[in-house]
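Dropping the structures in below, format is structure tokens.
After this come two complexes, each holding subunit A, first together with subunit B and then together with subunit C.
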Partner chain A sequence: MATSNNIKKKKTKPAIISEDQITKKQSTLYAFISFAVVVVLWQLAVLFLPNFGNIFPGPYDVVALMIKIVKEPVGRLTLFAHLGWTLKRIFIGYIIGAVIGVITGLAMGTSKLANAIISPVFEILRPIPAIAWVPMAILWFGLGEASKYFIIGFSTFVICALNSIAGARATSEKLKGAARMLGASERQLFSKIILPSSVPQIFAGLQISLSASCSTILAAEMVRSEEGAGWLILRGMNTGNMTLVLVGLIVISVTGLILATVMRAIERKAISWSFRGK
Partner chain B sequence: MNNEVVIKCENISKTFPTADGTAFDVIADFSIEVNKNEFVVLIGPGQCGKTTLINIIAGLEEATSGIVTVGGELVTEPDPKIGVVYQETNLFPWLTVMGNVEFGPKAQGESKASRQERAQKYIDLVGLTGFENQHPNKLSGGMQQRVGIARVYTNEPLVLLLDEPFGHLDAQTRYLMEEELEKIWRQERRTVLFVTNNLEEAIFLADRIVLMTNCPSTVKQEYIIDLPRPRDITSREFLKIREEISKNLDLTS
Partner chain C sequence: MKLSKMKKKNNKVKYILISIISFTVFLIIWYMVTDVFKLVKPISLPSPVKVLESFINKFTVKRPDGSTLQAHVLSSLRIVLTGYIAGSIVGVPLGIFMAWNRKADMFIRPVFDWFRSVPGMGWIPVMILIFGINIASKAAIVFAISFVAILINSYSGIKNTNPVHMWVAQTFGASNKQLLFRVAIPSALPHIFTGLRQGLNQAWASVVAAEMIGSNRGLGYMIQMNRENSRADLIIVGMLSIGLVGTILSFVLQKFEDKYVRGRH
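Let's look at the complex of A and B:
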């Protein structure tokens, strides 16, 4: 009967840790092993496959070049300066785009009026890939940094707006009802219910647009710049230096990794309530 | 002495349009009065419009016809003087237990010291002392429901509407919660309209039981329960009342 069930239910603790979860230490170890295996296989391929090294320089060459250009500049700048330029471009364009995108998206997701006004324009802009703006951006903002911020900003804006719209619209009617029942005003309904309950979706948008920014900046730097990861890749291509191309790839990868890690840390803080038993 | 009517539903009807264009009469000509500090339990089969009725009294839905007054005023929209607890606790997952419980008075601009003192009183009363800084997803179903009850009490509503609040809980937790609720209610008298489809729960809690018919639902019969509190669900008198009502009750649906 029901009673035996209930006693059982009471005793079982909620399964916070699932069976196949691994410890942090283990996961670091596995990450290291898998990384090492790839590097070793890669180096072996270079050593023993004829011609492979010409089309795909080995890890030894890549690391050697990286160490060299930490001190000796390629073009105008050294390795970390190139990394810094790319980081800075993404960062500034991204922040501008994210702020405008989140505000626009929340407005559209919350207010039917705002949606009616903004969405026709937004729907036209939305499908345009950010790099399609490169010529326009150069015309409007010149060859300098501002045009790059604009391009990054645009791609971030679209993605963040879309996710914020979805977040605001997905706000539970029942939670809104509960808040109204407790005496919340329309304005408080936005600040105390719609905004916090959209936060996970907003962060999803922030993460996706960060990845998008990495590809956008690369394209923008390859079109027109004298520094950054995109420029390193282009320079390697033009001079037939595949090792430099790989260094450029690593620079953009590290840039993405740094930004995504920072973002994830902020996200964890902001929505700790949705991480069960962290 | 306690005959001041606080909740008054007069000839409530509710019709939903259906997909095929016909009308679905959920509630027909339903009238009920709940007196000050009275604990009334509404019992009826599932899908017979109990939640719809609660939503209408809470101002979340509009009746097709008929009027609802609470404290003598017509209900047209949600109002902090009408507190509701549903089966789904509807707690705000991003707020702590304290954040949830103090939500109402905070939204209405009450000072921190005063609202938190009252919130703490009800957190203690529902037995959640020490859990103030936990988030709801770390709590069991029964504990979440306690937070919901503390939250609504802290808002000091004139009336409490509880719609199958213990429906999700296992039988054991459910008994416990019924006992707690009854104890809290004896300490802090409120006008309560409680919905259930569990007869034992109804008799354990109610001053008066209102039996609903099947769709379109209306009042079938009323029973005054004047057993002394707290009630013993195994006592002869309890079982006798239970037997009598269950003859008249059709919970199949």
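Let's look at the complex of A and C:
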């Protein structure tokens, strides 16, 4: 009863300054309810609205297809094999892009000379979205796996570089000055001051670019492929099979969420001293 | 003082010079590799001279993809602005409403969290299957993608209002409406603009993607067609135009922000 009273009282106050915050239990409950409501409404719309079901299949069909393709192959492979291909592409492209991006970003953020040398070309390449690299990637790397790694790698590279630059530049001048005064060499300055203080920002970049990879993989799999979760979606689109598109989207979204959670756990372990790690 | 200022200025000039030299060296290497030593086939990397020539010619020549460069740019811009403006008109108020109203927060947010975990590019097939390959489906793609980014940022902007400011306003007897319009929204404006910028960038990338999948005009279509025709020079022209237009769009938005968001730094 106490909670319902509270809610009544809070009606007059905006949510951001009300004293009683929504508890975890409450928010899980509401999340569950609203989720259930949407699924039920969706299914009802499919059942009772003519034509709706033809354009947009219901949750039952989607789940049924998903269970079906766990066992029966679509194209050449079953669902989990497709997912495996996608993960492999994301990981290889992501790791290459992240390593180059963080190194470039740190160099540009730390040294004015490196910045002056790299930034003209970087600034030209940066605003080009990863998808626009698809035709060039095909010309350079052919239709195989390499062009997929390149596309994922490019999008990761840009995001990681930008965040590392910002991290290195945000290093407190006072700290740098103090270290210099105490006789730190330039190398020590970098490894003891600049690098640790930019780590939270670097992790932010790693996190964002990992989520972006889950979207870019669709662009990458537009390059001729016969496997992968992105391919499932494209195949669904080309054959007019919305159910398959939705299955693919759910698979990629859930994968993205899991990857983000894993990354967050790594971050919490690696930089437990920082505000982002808390 | 004066001396150190002069030194700083000299340094700045020095770095700008280095940048210019570095870029020139980049172009010279590119030229050497392609035109002088012919290390790569022009089909995979044309020379910078050829790219520049194609760029200038593309303003008047319609071949081989059916439209001039400016026609492609205008077609893409029209789609992106339609979807994006619709996305911001819906996204900003809804985000503010979700953050302001407890019930909306509790019920809409979970659904929205679900909705936003869909990768941006994923909207393309969904919209194409619903609306077919036409302008409506592309505008809907842009709408969905920009809407998500804009809503999230407006929401977190309001949520991050400094409670002290709210308490002060309340102590002075501000009504709920005043709290919202005088305190919360102005202090959330920088966040809202971040959302508008992110939304615009993503919208621009998505329209290129949508045009690559199905279209008969637009920059995305241009680079896709020229791959099929093996015209690498025109692909590079298209890519550079995509980057350039994207930069101009964010620049314009930045100008707006500088003008209308007060008290930032």
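Just so we're on the same page, the second predicted complex is superposed on the first by the 233 of 278 C-alpha atoms of A that agree within 3 Å, B and C clash if a C-alpha of one lies under 4 Å from a C-alpha of the other, contacts with A are read in each partner's own complex, and residues count from 1 in each chain.
Everything that follows uses one rule, which is that a contact is a pair of C-beta atoms (placed from the backbone, for glycine too) under 8 Å apart; a residue touches a chain by one contact, two chains touch by 3 or more.
None of the values given here were measured: they were computed from a predicted structure.
K.L.:
In the superposed arrangement, does A:Val199 touch subunit B (first), subunit C (second), both or neither?
P.N.:
A:Val199: touches subunit B, not subunit C.
K.L.:
Under the stated touch criterion, which partner chain does A:Ala184 make contact with: subunit B (first), subunit C (second), both, or neither?
P.N.:
In the superposed model, A:Ala184 contacts subunit B only, not subunit C.
K.L.:
Which of the two, subunit B or subunit C, is in touch with more residues of subunit A?
P.N.:
Touching more residues of subunit A than the other partner does is C.
K.L.:
Between subunit B and subunit C, whom does A:Val40 touch in the aligned arrangement: first, second, both, or neither?
P.N.:
neither
K.L.:
Pick one for A:Ala64: touches subunit B only (first), subunit C only (second), both, or neither.
P.N.:
neither
K.L.:
Looking at A:Ala31, would you say it contacts subunit B, subunit C, both, or neither? Reply first, second, both or neither.
P.N.:
second
K.L.:
Shared contact residues on subunit A for subunit B and subunit C?
P.N.:
7, 10, 14
K.L.:
How about subunit C: which of its residues touch subunit A in the complex?
P.N.:
Those residues of subunit C that touch subunit A are 11, 15-16, 18-20, 22-23, 26, 43-45, 99-102, 105-111, 113-114, 117-122, 124-126, 128-130, 158-159, 161, 163, 166-167, 170, 176, 179-180, 184, 204-205, 208-209, 212-213, 220, 223-224, 226-227, 230, 232, 235-236, 238-240, 242-244, 246-247, 250.
K.L.:
Which of the residues in subunit B end up touching subunit A in this complex?
P.N.:
58, 60, 77-80, 82-84, 86, 88, 90, 92-95, 103-105, 107-108, 135, 137-138, 140, 151-152, 155, 170-173
K.L.:
List the residues on subunit A that touch subunit C in their complex, please.
P.N.:
7, 10, 12-18, 22, 26-27, 30-35, 38, 55-56, 112-113, 115-121, 124-136, 138-140, 214-219, 222, 233-234, 236-237, 240, 242, 245-246, 248-249, 252-253, 256-257
K.L.:
Please name which positions on subunit A make contact with subunit B in the complex.
P.N.:
2-3, 5-7, 9-10, 14, 172, 174-175, 177-185, 188, 192-193, 196-197, 199, 271-274, 276-277
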